[in-house]
Amino acid sequence: MDFLLPMLVDGLAASALIFFIAVGLTLVFSVLRVLNVAHGSFYAVGAYVAVTIGGVVMSAGAPQWLSFPILFLSAALTAALLGPVIERTFIRFTYGKPEAVQILVTFALFLIFEDLQKLVFGVQAYYQDAAVNVLGISDIGGIIYLNYQLLLIALAAAVVVALRVMLHHTRLGKMIVAVVADPEVSATLGIDTRRVYMAAFTIGVFLAALGGALASPNSGVAPGLGAEAIVLGFAVAAIGGLGQIEGAALAAVIVGIARVLAIYYVPQLEPVAPYLVMLAVLLVRPYGLFGAATQRKI
Amino acid sequence: MLHFIIILALAAAFAAIPAFFPWLAFVFTLVLAKGFAALGVAILLRAGLISIGHALFYAVGAYTVGFLSSRAGVNLLIPQLVAAAVVSGLFGLVIGLFMVRYRGIFFAMLNLAVSMVGYTLLSKLYTLTGGTDGLSIATPRVLGMTVGREAFEAILLYGGLGLAFVVGIVVHRYLKSPMGEALPAVESNEIRLEYLGIAVPRVLLFAYVGSAVLAGIGGAIHALIVGHITPDLAYWTTSGQLVLVAVLGGIGGVAGPFIGATFLESVRAAAVIYAPDAWNIIIGAGLLVVIFFLPRGLHGLIERITRKGERP
Amino acid sequence: MSAPLLSVRGVRVAFGGVKAADGVDLDVNAGEFLAIIGPNGSGKTTFINLATGYVKPQAGTIRLEGRDITSARPRDVTKLGIARAFQIPQLFTEHTVLENLMLAVAANQGFWRWQSPLGSPAVREAAMDLLTTVGLADMVGASSNALNEGARKLTDIALALALKPRLLLLDEPTAGVSTDEKFPLMDRLAAVLRERGVTAVFVEHDMDLVRRYADRVVVWNQGRVVADGAPDAVLTDPAVLRDVVGVL
């Protein structure tokens, strides 16, 4: 059984990356009431920005440890450049619109992003794995682990805690919670909902971009990343219950374990394991594990 | 009446143009293929349901033809088309039983997820699907006759146009029937429909299976005209095109998706030459323009003309 | 006495901490016009939601002629002969008034057709009759989301009538209808219902209407039935006057 634990770490590390997408998706949904189909594109862009900056800095002979903060910097840069602009120019026109319009608009954005990535970064795959190497490995009880993977899991857990603290103990967080509860009342209480929307969206972009940046040292970047990212992110968010941060965390763990089990028992099913979990969960609980049906008042 | 005359005139133009520009015959046959599939997407759109995974059924239709041609040795046009419709309908039934429980974003994303599973399987099940190499399709016999490639392509174009007419009338009648009129009612007030004693899942399942059959027919025509198919047919970019074609053409009438397909395939023919890397940007920008400025699509323009004509 | 048409026993449901039904026992007898009165938020609409399967009770049973319908869905209940009109009209806003009605008529007679038009002559005629009954004959072509509140209410009621129910549940049928239209509307409605032998429950805030049309009055307060009886008796009960009618 000693190979099961490393496999589990592997699975959870992969899940941690999906969690970064899912948690932003869920956060943005709960505030803006828009499920952004283009959200996975931020993951892809974050990855591209990270390998690009990483590549430039590393080839300039910078110390290896620098590759690590660069990942965070890339995510912040992506969020700052894209978050407010995309929210103000496209997303805001869909507020309060029928879901069909929201889906079409964000899907259109996704398509545009898909080609923009190819135009800006080309179609070749990139690798920049300095961050994995610099962290090295641990030998725990005779089993070798990549420290980078352990770090990913820890970071995902830290994001859950950080979001909790941010939402309940900061000014911005409290405003976000108020807007989630009731946007109209919040507006009459003097909360600048426009700013809250922009901030929440940008946090979502940052989390997705961080996921992509953190994924790049391990798996590199290549076209098509965004599509898989959004579908996996949605699967995890939906399993947890849309709008549920802790739900997304639990769902990510379940999906990670499911993948490990799939690799162990039916390796061919590994790529579709997250979807099978999603289908199974939604069959039994159409609103996800932590989600509740909201009944229209009649 | 005026409406029908305009549609007839458009169809006549559609039939005549390839006679003068033979290289367009291929493009126009693809238009029909995409038009059938987009008509399926449009039926669901009437109920407010966006499938961003309908390329799966397009691929199922295409691969049914591919499998019959290259694996089972059935090189007969009519049986191939019928099989494509039936098989994609069966896929639609099984997947639809699950899908009709969901609305809005869940419906959209679950369709996307299922199509991605389908794409993966098409790429991986090498013995059945030829993997990423795909399958080649020989020119089939038509009504027991062996035909040359050129004649076959003409048969496919004009036979396809005839089929589009027949199917268009059937779908039009469906949309005007109680079950068809219930589709917009699902979007506007599903609760009231339930309170009329109508089983909404049944209404939607019928629409879903119908839309899968239409997509399958489209995929079959695609396979036959191109002669080679790959898993890309099931990829989400194909689904995106189908949604764009439906929205661009407009869901107000059955001619809409075909008009949208004509427009899009013409743009594509140009894009291949001038902007091959920006195809998705064109589709995405097109979607945005239509949503914000032309909510009833190109078909809406015809509606506007005929309304002016009929009301003095 | 014959068995009640609808029989509700010990029904409870709470939303968060709000007890919208707190042990409701109520019988609706065949052929009667039963008025429900009570303050806003007392659970009147919830009662209709429970009786039609839109809200599931956390305890208790609901029976229709002895048959347990506690866990039935709205469409099952509808097929068993219960129809409802809504406090907030529930219309098909993408369809015209006539099309709304034709959908309802078709729902009741041959809905599962896919190659014959919704507006067959018989369906069209039945829909027109219903619109005439509620006084909307000159609105047929109007888009249903362009109507004023009163006309929306009337369309909503006509949709319920189209189902030819045995039991009709009307949630504030005259709210939003102009004052001088209330009595004529109820006159026409009562006539049609009596003629067809339909049992009716109506939630009402206008005591004049209650006195005029109800055979029996049930008073609701905080999720409970607090009084039940003939209009004369109930509407003169000092406790009812103080706690309920006084705050309406």
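Letters A, B and C mark the chains in the order given here, with residues in each chain numbered from 1 onward.
We take it that a contact is a pair of C-beta atoms (placed from the backbone, for glycine too) under 8 Å apart; a residue touches a chain by one contact, two chains touch by 3 or more.
Every value quoted in this text rests on a predicted model; they were computed, and no experiment measured them.
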So that we know how the chains sit together, what is the shape of their touch graph: line, ring, star, complete or other?
complete
Return the chain pair with more inter-chain C-beta contacts, choosing between A-C and A-B.
A-B
Which chain's mean C-alpha position is nearest the mean C-alpha position of the whole protein set?
B
Averaged-CA centre spacing for the pair subunit C and subunit B, given as whole angstrom
44
Express in whole angstrom the distance between the two chain centres, defined as the mean CA positions of subunit A and subunit C.
48
Cα centroid separation between subunit A and subunit B, in whole Å?
33
In subunit A, the residues touching two or more other chains are 298
Residues of subunit B engaged with two or more neighbouring chains
191
Multi-chain contacts in subunit C, i.e. residues touching at least two other chains, fall at 54, 90
Touching subunit B in the complex: which residues of subunit C?
52, 54, 73-75, 78-79, 83-84, 90-95, 99, 102-104, 106-108, 110-118, 159, 162-163
With touch defined as at the start, can you tell me which subunit C residues reach subunit A in the complex?
45, 49, 54-55, 86-88, 90
Interface with subunit A, subunit B side, in the complex: residues 45, 48, 50, 52, 98, 101-106, 108-110, 112-114, 116-117, 120, 124, 191, 236-237, 240, 243, 247, 277-281, 283-285, 287-288, 291-292
Subunit C contact footprint on subunit A (complex, rising order)
295, 297-298
In the complex formed with subunit C, which residues of subunit B make contact?
170, 173-174, 176-182, 184-185, 187-189, 191-199, 202, 206
